[in-house]
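The structure under discussion appears below in the form of structure tokens.
Order as written gives the chain letters A, B, C and D; numbering starts at 1 within each chain.
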Amino acid sequence: MINKKVAGVSEALQGVKNDMTFMFGGFGLSGIPENSIAHLVKLGVKGLTCISNNAGVDDFGLGLLLQEKQIKKMISSYVGENDEFERQMLSGELNVELIPQGTLAERCRAAQAGFPAIYTPAGFGTEVAEGKETREFDGKMYVLEHAFKADFAFVKAWKGDEAGNLIFKGTARNFNPNMCGAAKITVAEVEELLPVGELDPNQIHVPGIFVKRIFHGQHFEKRIEQRTVRQR
Amino acid sequence: MLDKNGIAKRIAKEVQDGFYVNLGIGIPTLVANYVRDDIEVEFQSENGVLGMGPFPFEGEEDADIINAGKQTITTLPGASFFDSSTSFSMIRGQHVDLTILGAMEVSEGGDIANWKIPGKMVKGMGGAMDLVASAENIIVAMMHTNKRGASKLLKKCSLPLTGVSCVKKIVTNLAVLEVTDNGFKLLERAPGVSVDDIKSATEGTLIIEGDVPEMAL
Amino acid sequence: MINKKVAGVSEALQGVKNDMTFMFGGFGLSGIPENSIAHLVKLGVKGLTCISNNAGVDDFGLGLLLQEKQIKKMISSYVGENDEFERQMLSGELNVELIPQGTLAERCRAAQAGFPAIYTPAGFGTEVAEGKETREFDGKMYVLEHAFKADFAFVKAWKGDEAGNLIFKGTARNFNPNMCGAAKITVAEVEELLPVGELDPNQIHVPGIFVKRIFHGQHFEKRIEQRTVRQR
Amino acid sequence: MLDKNGIAKRIAKEVQDGFYVNLGIGIPTLVANYVRDDIEVEFQSENGVLGMGPFPFEGEEDADIINAGKQTITTLPGASFFDSSTSFSMIRGQHVDLTILGAMEVSEGGDIANWKIPGKMVKGMGGAMDLVASAENIIVAMMHTNKRGASKLLKKCSLPLTGVSCVKKIVTNLAVLEVTDNGFKLLERAPGVSVDDIKSATEGTLIIEGDVPEMAL
């Protein structure tokens, strides 16, 4: 068994530098790599390009990196709910590339799976397709979208083992599996880090081969963005 | 004239037994409340869940179980969780039978604009572009006119498009309309709304054939 | 919950006709839809195009359909270990298209996921790429391969529920998940068919939306092709 | 001169700590027997398993747990099962560090032919074309000459290709060779084999620089 376990977030993030491109798992504030984000704030790396479906809120998630002006460019599908983001974007400090959510997922998966590009119908006929190659297959139009190239992918899983195998919980899965192995180095933080042999090989969501470093996250706030309930 | 719940109620009648349905944020979300009890429907949310149930009871919210609107939800027996790539495989592969979403503008050719107002804050398209580019069966739920009273059913959209030639049906506070090769065909009037009311609120080509029935809710 | 359960193989296979294109899950004899294959023999449909990684052995798996000369064309990556196959192929009775195994998997997945075609490096510079479009991305050459179009996909899972959710065991998983939803109608046969609510929603390999009909297979021989053991 | 196990033994020395390795059928399969005990290696099989272990004890065979050669296998702690698409994502995405496979012919430009002999029964390429088109690090394990005594290390392959310019290293019963821009560079001789023996068994351009050491096993 190839051991991917590192002592903690500090060792896990070795090698991060200014001006790198990072992927972050998560949808809204669910399933985000909280510990890695917090440590990136501490490290103070700047000029970052961040690929993430969302950009957090003002005081949580990627919003923390935005507050410190560490992000140069965001590649996301939806960036609402973040005042500081809006301010930086409107002032031109922050470069924002908005792309369809399915395209974002598949450009990650393409990088993971060794595909250079994909043809997707999403965005055809819209400004998202401007300047991009389009093509007809069977009477339907598609846009050519390229695999992402990233230096680090930061993902968050529920359980993991020392071999790097990951299991997610609920919708906290989202983009995390698609980003594993999609960057040069994939760092997984987990709520529970188990010795090998504890996870059922039939029930692994992401095989360890896609993960370079795994650590037990010290703190998971798991903040809820929209608490909706019904009466009993 | 319908309110938002009325629009949702009318759209719910379009949901058929055995349908997998993706509901957008806003009025579409309300549709789930009005689907008949005697048919089987499963709701998909693009962040990675099939078989969504109602909101959780207070104290039972789970940060790890949310919908695409980031709201805490529950799941029903038979539900499944999956990654984003698989979720959009369901959408792009046309396994989702019906997509209901809001819009800022719809053109008589079925184009839709619902993600961006130039000069204003842009929040992003989320999964909407994938949904409209892929779905065979798209119903738009919206008010017939905007806050300034201008028609949202246009000859041509003025806002940046989300998708082209994709909308099949529109349910507004005033009417049910079908997008045809020749324009918006008026299918039903909302209770208390006249054909003339609809005419004056529709900028795009409106096709009226014979008597237009009032919708049954 | 949308109920996908049908009474048995006979109902599950309603609509199969001569000259259709079928996908079959399985690798070697592992994870093949034994009950569906047996019933196709019984129905006697002919002129079939079969997409399957392998072609079975003389007296099991797709070999049974070959014996009855029901197959017109095989699309596979490896077809060894089958004398009748060899005879029909050499005599020209059987049309055979051999394609790389990863290409086979991804052409299924493309059909499932709504992608018209993919670019893969596999087969570039070989006869597999003859007549196909090739293209360079980042200095590497790729071949354009199209999504399959099939009428039925027959898959075999370990456990399933009435909503069509599937779970596989071991390497019997193989092509089965990639074929679900990749044909007009997907038929899943399972060793154990459970009521909904019995499977953990976190641990579903294939969500029921990709499966049209599910039935409890009456007979699984699960033959071993190469029994290899070590001494105690 | 090496036998098949000797070739496997020499190749095993190429396997480094932390490598994910895909072994082809035949001689490559034997490599697993000779990998050092003090390094961590995981074996991937393209039918959908990572972390393969030895063959099962008699009576413990499971039809649902096989390798790409359709042999019954076991798994080690930390193993995982996955579908074919994911399996080839590992291969195509270059997550597998080392691929070892057999060949019928290798050209001095690194082309490989190992799947088809025209006029004879063709069994198919299986996963070989994906492996050779994707892997960064490919070692070919084969006899230096075929059954008729003809060289398998050629200027140009005569058989239909499996992949182009992909082979990096070749280990035969006679030698270890590296594929360079100028031809096969002789790195090591098998025990008891002379440079002249290798010269006469190699049809392609052979590069000999200085003394060629005998391999240590």
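One rule holds in what follows: a contact is a pair of C-beta atoms (placed from the backbone, for glycine too) under 8 Å apart; a residue touches a chain by one contact, two chains touch by 3 or more.
Bear in mind that the values here come from a model prediction, so they are computed numbers and not experimental data.
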Taking each chain's centre as the mean of its C-alpha atoms, give the chain farthest from chain A. D
Counting C-beta pairs in contact for C-D and for B-C, the higher total belongs to C-D
In whole angstrom, how far does the Cα centroid of chain C sit from the Cα centroid of chain D? 28
How many angstrom lie between the CA centroids of chain A and chain D, rounded to a whole number? 36
List the centre-to-centre spacing of chain B and chain D in whole Å, with centres computed as mean CA coordinates. 55
Which residues belonging to chain B are in contact with no fewer than two other chains? 49, 81-82, 85, 88, 91-92, 134
Note the residues in chain A that touch 2 or more other chains, in rising order. 109, 114-115, 120-121, 168-170, 201-202
Chain adjacency by touch: line, ring, star, complete or other shape? other
Which two-chain combinations qualify as touching? A-B, A-C, A-D, B-C, C-D
How about chain A: which of its residues touch chain B in the complex? 27-31, 53, 76-80, 86, 89-90, 96, 98, 100-106, 108-109, 120-128, 158, 168-178, 205, 222-232
Residues of chain D that touch chain A when the two form their complex: 18-20, 40-42, 44, 49-51, 75-82, 85-86, 88-96, 134
What residues of chain A sit close enough to touch chain C in their complex? 114-121, 137-138, 140, 142, 146, 167-170, 201-203
In the complex, go through chain A and note every residue touching chain D. 1-3, 109, 111-115, 161-163, 165, 181, 196-197, 201-202, 204, 207-210
Per the touch rule above, chain D residues touching chain C in the complex are 45-49, 54-73, 81-85, 87-88, 91-92, 111, 121-130, 133-134, 160-165
